[in-house]
Amino acid sequence: MIVRRLVGALDERIGSSSFLKKALDKVFPDHWAFMLGEICVYGFVVLLLTGTYVAFFFNDSDHATIYRGVYAPLSGRSVPASYASVLYLSFEAPLGLLIRQMHHWSALVFIGAIVLHMSRVFFTGAFRKPRDLNWTFGVLLLLLGIGAGFTGYSLPGDLLSGVGLRIAYSVAQSIPFVGTWLAFGFFGGPFPTHEMTQRLFITHVWLVPLLIITVMSLHLGLVWRQHHTQFAGPGRTERNVVGSTLWPYYAMKSIGLFAATIGVVALLGGFFTINPIWMYGPYDPWKVASPAQPDWYVAWLDGSLRLGPALAVRLFGHTISPLFWSGVVLPGALFGGMLAWPFLERKITGDRDAHNIVTMPYETPWRLGLGVAVITFATVLGFAGSDDIQAKLLHVEVEKAMYAYRIALIIAPPVFGLIAVAIGFDLRARFETLAGKRQIRRASLTRNADGGFDIDHKKATPS
Amino acid sequence: MRKLELLVAILLVVAMLCGGVFAAVYALGAQIQLAAAMLVLGFGSLAAAMVVWERRLMPGRVSIEDRGSLPSGEEKNDAAAQTLLAGADAIVGRRTWLVRLFGGAIAALGVGALFPLRSFAPRLTGIDQLSHTSWKFGIRLVREDGTAVRASDLENDSILTVFPEGRVGPQFIDEMANDATVLVRVPPAELALPPARATWGPQGLLAFSKVCTHAGCPVALYRAKARQLFCPCHQSTFDVRTGGGRIFGPAARGLPQLPIAIAPDGTLHALGDYPEPIGPGYWERA
Amino acid sequence: MRRRAIGFSVFTFAFVMCVVATTSPAARADSAEQPRVPSHRAPDTAGLYVDGIPPSVRTHGTGSRAAHLDEGTVLYDVHCTSCHGADLRGTKSGPSLMGSGGVGVDFYMTTGRMPLAIPGTQANHMSPHFDTGQIAALDRYVGARATRSIPIPHVVLDEGRLQAGRSLFESNCEACHGVGAQGATAGGGWTALPLWNATPTQIGEAIRFGPGVMPRFTQAQLSPTDIDALATYVRYLATTPQTYGGTVMDYLGPPAEGFVAAFAGIGMLFWIVYFTGTKADGRRIGAYEDD
């Protein structure tokens, strides 16, 4: 009866038992779509574990040192100490390369899972009141995830990420009035600087993770407080949650998913090379490798830089470079729109009620169309970010590919969006007819003294 | 059911074995793919065991939880608001001037606390350094290793990355990032330089900033026969013959051209700095 | 059951696509076999058949005249004149060969770039169409008439200069050919080709001649020992798989990694979530569904 004594002892000190009982009995809806967010959490846990491991090997100094490690082609080269430390981790620390690659892969998976999870929340309308606040935290988490990824990608002092950093610096510099201040503020001065590795390091291992942990705690805290949403169904109302309890069902499922996440990341980390910095070489600012691309979660920004108009504005002795439109205005509008959407939709539909029952995507065809259009837009940008690679593989001129992407960027989103709207209306009509024919009975369940449920078919369920 | 229990048992034993083999792999040379395979198999089996266990071995039941209501009701809202206001009243009362002073104190301390942020940008006083490079009149063009470049070193269709003499080596990496210049040679007859730069291509030798005017990538690809410089990052393309004019891509400006001349001994030297700031545009750029 | 089947097949499809997309180019990278036809070896007969006519017929089948004519003259007349002109000064279909003595002819012939099947397209690396003797004859023919001949470099691989080669490769080659010499787009419809099949001599020839839109590098830019070092590093790339951390995906970098993350990583996790998140054969639904 050690458990009883432990629970009792804790309760005497912090009065935990009523909370514990409530927590263990907390009900989660049984639907796969509600578990996408958990991949994000476990991806982040894997990131923290592997990241802590690799951080112990990383040297955040950019002082030139002579590489004397085992990788023959670079032997005797003068490289930044940071680069040399990552080479040591990759080639000399046993399994260091595996853990480093798992770290990088879990970052790609983490942000991918965030995007999937956000898509689910968007298409089912789970961002509506009372969860509009939590949607805001979610968008912030996506931004922070991208920030964490980009700063980490830029750390090792390799040629590929060095070129990317210079692009990021140039984008920051393009902002009117404050651009140079911002760029100098982060980098210390004109690119490249001796401060940047150090600053990227502290940003990557402390500042951004701290913010992610904070916002993620708020995000999960709100989910806890507000409970999960659920799809409409027999016995499901705005006032209840139907599903499985945390203990033992969800605990088993969730820990199983954690194990699966580790397994998947290990599969990628062990069998697919990621960021082979020994191939890229140390960053010498006058060199570049082709093709040059960022990780996928920044690819859409790179695509935006490629497709953006070559439009520089010069007025009153000042310059606004083309980077501003494609590197600042476009992502700003995209993320601004995402942050504002719950409030915009409330304005448009006039629906100010709180919702705990979420809808199937086809039930709101216009929202479905909007989401599909935005995702298409970002996808076209993302693919445009590797137009040179496609040009090589498909034997087309990269210039033609760029024009094709410019056209696709304008045409594809509305076309795919409208197709989605049409499909949505069609599906909605079909399901409504079906529902009418079947006359699905609704039941009300009441818990009885034995712990079972009494079913009452007559009692109407509020919805 | 017994079959499923057996399955879960096998999966757990596999996971256990994988843990052991993983340790053995580490001890015996730490082969990455073997180690990863053990992690995949081990954690995969563990996950599969838990999922089968939860789905098939545990008694299935549906639970229903009452959400309760988030809104506390008008009464409690009012009470909370009332308490807030009453408290504020106790603080302020008729002492609004004190409140103003308090606001002033907070604002002053806040603004004061922002000042140390300025230390993050120690070189902010030198924004105008963005419009200069180390190139000056008379400075010779040298290779990455510091050796001087002669006009005869390049033939038509050649390209070479050059730097100002005395500004190469690991201690000058910051300068090299912005001084980097590509030197190309084309038949002089093909040149169509702007009239003001008519003499900037002695014997068909032309020097351009290697920093792309779009996003700062090194414009390192040279399609020699087409006389075009091509940026691998975002595909901006520049025509050497017209003095670096932009012909394709997202760059809004051509590549700045460096005025050069051939000294009597055959070496090349700059006739001055770039006539305009190199690299991408920025707010302070005129 | 049906849902599970759909989920499983979607996942399997995505995973197989991923494996195919990532391993097939990598397999090419990893095999890194020696160049298919080293310059010292006579090519296989298959390479000799151009337009379906055995070269023996084309070069020596003109009767008794063949015996008196120089082999290079015959080869040039049959295979080169139509594009490069009888006077070597080029036509609408092909450039002048006046500057192509020495390395030019040898490089284009030993890499099988010429004769070109479709004039005006970019020539690719393939098996040579002629044997070494024929190539030497053509080289003599062009060399005697061209205004400029660059001697064929004598390239010696030197393991001791691997590091120097690596540095030179970063400074001069990888901006176009890529970090793994895997080839990349050079824009304008041109591709900087993969270097994995090039012999040391061909590497030296390309550096000196600048085939296609490639720049040419003079002795003052890259010395003969520099070329030895570069060739050593390029051959190292071609023969030493860099697969310490698994398949290198043709050195396509982050886009390929993103593809794998999306289809293999997220795809698998999506399927796992789909499987675990859905109720097992509706038992729990049965608790409150009374139909």
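For the reader, a short list of remarks on this structure follows.
Here the chain labels run A, B and C in written order, and each chain numbers its own residues starting at 1.
Definition applied: a contact is a pair of C-beta atoms (placed from the backbone, for glycine too) under 8 Å apart; a residue touches a chain by one contact, two chains touch by 3 or more.
What you see is a predicted model; the values in this text were computed from it and never measured.
Chain pair with the most C-beta contact pairs: A-B.
Ranked by distance of CA centroids from chain B, the top chain is C.
Taking the mean of the C-alpha atoms as each chain's centre, chain A and chain B sit 19 Å apart.
Distance between chain A and chain C, defined via averaged C-alpha coordinates, is recorded as 38 Å.
Centre to centre, using the average C-alpha position, chain B and chain C are separated by 31 Å.
Residues of chain A in contact with at least two other chains: 97-98, 235, 242, 244, 253, 256-257, 260, 264, 267, 269-271, 284, 287-292, 388, 398-399, 445, 453. Among the residues of chain B, those touching two or more other chains are numbered 32-33, 36, 47, 51, 54, 61-62, 144, 161, 218, 220-221, 232, 235, 237, 248. Annotation for chain C: residues touching 2 or more other chains are 171, 175-176, 184, 186-188, 192, 244-246, 272, 275-276, 279, 284, 287-288.
In the complex of the two chains, the chain C residues touching chain B come out as 171, 175-176, 184, 186-188, 190, 192, 210, 212-218, 220-221, 244-246, 272, 275-276, 279-280, 283-285, 287-288.
Touching chain C in their complex are the following residues of chain B: 32-33, 36, 47, 51, 54-56, 60-62, 144, 150, 152-155, 157-161, 184, 218, 220-226, 228, 230, 232, 235, 237, 248.
The part of chain A that touches chain C in the complex is made up of residues 30-36, 38-39, 72-77, 90-91, 97-98, 101, 105, 108-109, 112-113, 116, 159-160, 234-235, 242, 244, 253, 256-257, 260-261, 264-265, 267-276, 278-281, 284, 287-296, 299, 382, 385-386, 388-389, 391-392, 395, 397-399, 441, 443, 445, 453, 455.
Partner chain B is touched in their complex by these residues of chain A: 25-27, 64, 78, 94-95, 97-98, 130, 163, 166-167, 169-171, 173-181, 183-186, 188-194, 225-227, 235, 238-245, 248-249, 252-253, 255-257, 259-260, 262-264, 266-267, 269-271, 284-292, 302, 305-312, 317-323, 326, 354, 356, 387-388, 398-399, 402, 445, 447, 453. Across the complex, chain C meets chain A through its residues 22, 162-163, 165-167, 170-171, 174-180, 183-189, 191-192, 233, 236, 242-249, 251-255, 257-258, 260-262, 264-266, 268-270, 272-279, 284, 287-291.
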